Amino acid sequence: MTSPTDTRLCRTFQTAPAAVPKEDSAKYLVSGLEAEGFEAPDWLVPDLEDGTAPDMKAEGLENAIDRIPKAAFPGEIWPRVEWSYEDERARERGRSQIERLVGEIGDEIDGVVVPKVGRLEDVERAAAVVAAAESSYGYDDGSIGLAVIVETGRARSDLREIARFGERSRLAALVFGPVDYTAELGGRDLGDGRPRWDGLLEALSNEASAAGLLAIGGPFDDLFKERAGLTYYNADEYADQIEREARVGLDGSWSLYPKQTIQANTVHMPTPDELERDVEKIERFNEAKRAGTGAVTIDGQMVDEATFKNFRNTVETVRAIHDTRREQTAAYYDEELLERALTLEVSYE
Amino acid sequence: MTSPTDTRLCRTFQTAPAAVPKEDSAKYLVSGLEAEGFEAPDWLVPDLEDGTAPDMKAEGLENAIDRIPKAAFPGEIWPRVEWSYEDERARERGRSQIERLVGEIGDEIDGVVVPKVGRLEDVERAAAVVAAAESSYGYDDGSIGLAVIVETGRARSDLREIARFGERSRLAALVFGPVDYTAELGGRDLGDGRPRWDGLLEALSNEASAAGLLAIGGPFDDLFKERAGLTYYNADEYADQIEREARVGLDGSWSLYPKQTIQANTVHMPTPDELERDVEKIERFNEAKRAGTGAVTIDGQMVDEATFKNFRNTVETVRAIHDTRREQTAAYYDEELLERALTLEVSYE
Amino acid sequence: MTSPTDTRLCRTFQTAPAAVPKEDSAKYLVSGLEAEGFEAPDWLVPDLEDGTAPDMKAEGLENAIDRIPKAAFPGEIWPRVEWSYEDERARERGRSQIERLVGEIGDEIDGVVVPKVGRLEDVERAAAVVAAAESSYGYDDGSIGLAVIVETGRARSDLREIARFGERSRLAALVFGPVDYTAELGGRDLGDGRPRWDGLLEALSNEASAAGLLAIGGPFDDLFKERAGLTYYNADEYADQIEREARVGLDGSWSLYPKQTIQANTVHMPTPDELERDVEKIERFNEAKRAGTGAVTIDGQMVDEATFKNFRNTVETVRAIHDTRREQTAAYYDEELLERALTLEVSYE
């Protein structure tokens, strides 16, 4: 999370197919829109790209236009459209999807997610398509945001330049797409899974942070595991992935499934222990500051402005979640601890 | 491997000293040229640089000119010449080696390998030397390729720019040189070997892929191991290294020795299990597509275009190897599996 | 270490608060200045930034001006001033601290350390402040150096450009600041410590090396550990960190404490075993060369110019330390081994 006080939350980037071959083809879209408690994602991403079969994309677009305005989804809505730096037809379909979405439900969506972007020029081209639709339908400049999936060698190569473009544009988030990325690079699964691309994740976190953008991890698609005759939700491996993402400062994780949303929402909020620890450290710091003994040492660790900023981040993230998802903070933290976190003085000066 | 369908194979980049102090000073060069089966590298690199002693370099050049045309080597031939971004005399020797090679056996070689390049300007300078020789002897522009060894801080710093130069030039491959690189950076072996430079390898794979170049790993020089009184070939540690390289999408590995070539050729081709798995997934995908149920799920994993591309990569790599090294695919895969791989329909649409 | 023969040593970058709330507020500064043997750092960094409490900074500046000239500190002195790319007041304080230091003790200091720099433009701004002070007080251009702490997303994003600025300016060192850096990126400690930022360290080592600058690791602030009722110095974890730094070619490590200085000085000098091993390899190489058998193989490993450079680095580092800290080399190495290292011929030609 780049700067918890003024940044939009995106602990969860949950994609939902806009149409599936079921009696109600909007089933998954609607259940995303109506999710409650920890199953409610910060961002819901109705998926018109790889999550919806080619022959259902038209119906998916109608579903999005029809169902999104009917729901009172409390978070942000960012449809994913079709696009590819190397396929003019995919870009053409994306252009027309963006026009329909902005024209019909421009008030209901926060932005669009554009996949398979290439170098900077291709990201600028996608931004221009959004700007044109926005202007056609009389929206203010910048009111429809842009998020891109970083899943090509070209986008990774231009990552710094793409992020800097975000400093002066509607680009708001960088999302990792490991499946396409691994395929583009020719990465191999020799029996122990895809490479983790640690260098890419570190760079994604850094460039997003330096440019004031959100950084989001990639999907984890081994949803289920079979062992000893039982098929069950693969909670452990997803948790491992999203904890790694949280550690290096990604703001949120991709979810494909309500249980993943529970986990990603949870991991990207401070644990009760972290909150307790950091609230206590700030309380002790505040006491020592009042006592006026100058440099403050807590548990053998010197507290300077930089150390302090780490403690403060924890508290400010909890405050931001509390602002928008009061039911989650209420369920997760002990009432008295939450009260301390909300009322604490958090200034180093 | 960047794009298995239109890319030259370089699973193995085998260097052979162009001259050694033996009765037949071309012994190792000739055995590289005459290698068969899995010992035959995709690229043979007659080495006029560090692999050939200073007092034997002149003889090495004559060996290369004399022996290469006599062999019917089925792969590509890329002599490594002398060069250094920081040594004018080394560049002068390199220039004259390139001129001799192009002038005398320009029809027999596919390109030259230039080591110890510095920043982009130095790579451009090397490319200009090749262009001048090519033009002097009447070869078409671009007919003699260029591969560079990335083994200096400067080349790593300019890696993205060097790779992009490859988009519009004869530069065809980026090869890692860990020994010089570690020495330049002042890296330390504290008893557990050289650093692995994971960040560099990830970047090498990405930049090569984004620019349509080949990416090749560095040499492994602990050829032998001694234990319990026996000296034996160090197969395990070399396999560990080249498997790491394959995982992050390097196209091939450096070989110093016929047994290494067997291993690198093997690791950079899909295992029978991988091939079986991906052929079966595509077969099941094709069936489900024919059945027309829309989005396809296999073993609890949704198959979209991106996932599909991974399966297809495996099959197309096998097809490319089969085109040029039929004896290797025949020996490695079960006949019936190979037949399925060669005849399968591999389109997502 | 970039190039041991012509580079200043900075195995240890030891910060000392310029003022602390004790009877003698210069206590830690003075003990840094008077340290002996392995406790004497290569660089002493009187800290006017986060290590000195806000209400003691004025006194810290006076302490620095008063005490530094009285000491005969044998290494280099680099005060750390206040600065921040995002805080004009911090930069104003830094400017006035730099002016006082250069004006009053410009002969005694080797440069200043500027923290929390942002993108290239901010580093250039800091360099201009030093240049202005230098010129005001009649010092030669470039006589006061600049080191920057890389601890913001922006500085990491511009790392290559910042390092290249060092090729043509007074910028001499890049120092990592992990606490602020982790906070800026929103990195999380989920119970197993801060992320290690391996990608950043690899890039820091590379860019510093490519531009001829020093690269220094970040502070380790868990100075003490408590176990089984005893509080004791945390030697193990600090050693783990600085060994990791040495492995990837950082020139030195940050020290907060005399015992850390002992460890960092030690790790960044070759171990007796390394020295023995590499001296012996060079001796055997020299013998083989005299015997004239051409390419030399030692213990199954071919020795070429690149391999040889690694052995030579070890010997040349020891020679550089011996030049400035004779008491350390005398204490650390066996007398006869040291003599061999000092007299050995170390040329590959």
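As written, the chain order gives the labels A, B and C, with residue 1 at the start of each chain.
Quick note on the criterion: contacts are C-beta pairs under 8 Å (C-beta built on N, C-alpha and C of every residue); 3 or more make two chains touch, one makes a residue touch a chain.
To keep track of the chains, here are their UniProt names: A, B, C = Citrate lyase subunit beta.
The shown structure was predicted, so the numbers you read here are calculated from the model rather than taken from an experiment.
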Item checked: Rotational angle, Cα trace of subunit B (Citrate lyase subunit beta) fitted to subunit C (Citrate lyase subunit beta), multiple of 5° -> 120
Next item on the list: Give a one-word verdict, same or different, on whether subunit A (Citrate lyase subunit beta) and subunit B (Citrate lyase subunit beta) use largely identical residue numbers at their interface, taking over half shared as same.
Entry: different
Checklist line | subunit A (Citrate lyase subunit beta) and subunit B (Citrate lyase subunit beta): spacing of chain centres that average the CA atoms, whole Å | finding: 38
Next item on the list: Name the residues of subunit B (Citrate lyase subunit beta) that each touch 2 or more other chains.
Entry: 198-199
Check: Where on subunit B (Citrate lyase subunit beta) is subunit C (Citrate lyase subunit beta) touching in the complex?
Finding: 17, 20-21, 50-56, 119, 151-154, 156-157, 177, 179-180, 182-191, 195, 197-200, 221-226, 231, 256
Check: In their shared complex, at which residues does subunit C (Citrate lyase subunit beta) touch subunit B (Citrate lyase subunit beta)?
Finding: 1-2, 4, 160, 163-164, 198-199, 202-203, 205-207, 209-211, 243, 246-249, 251, 270-271, 273-274, 293-295, 300-302, 304-307, 309-310, 313, 349
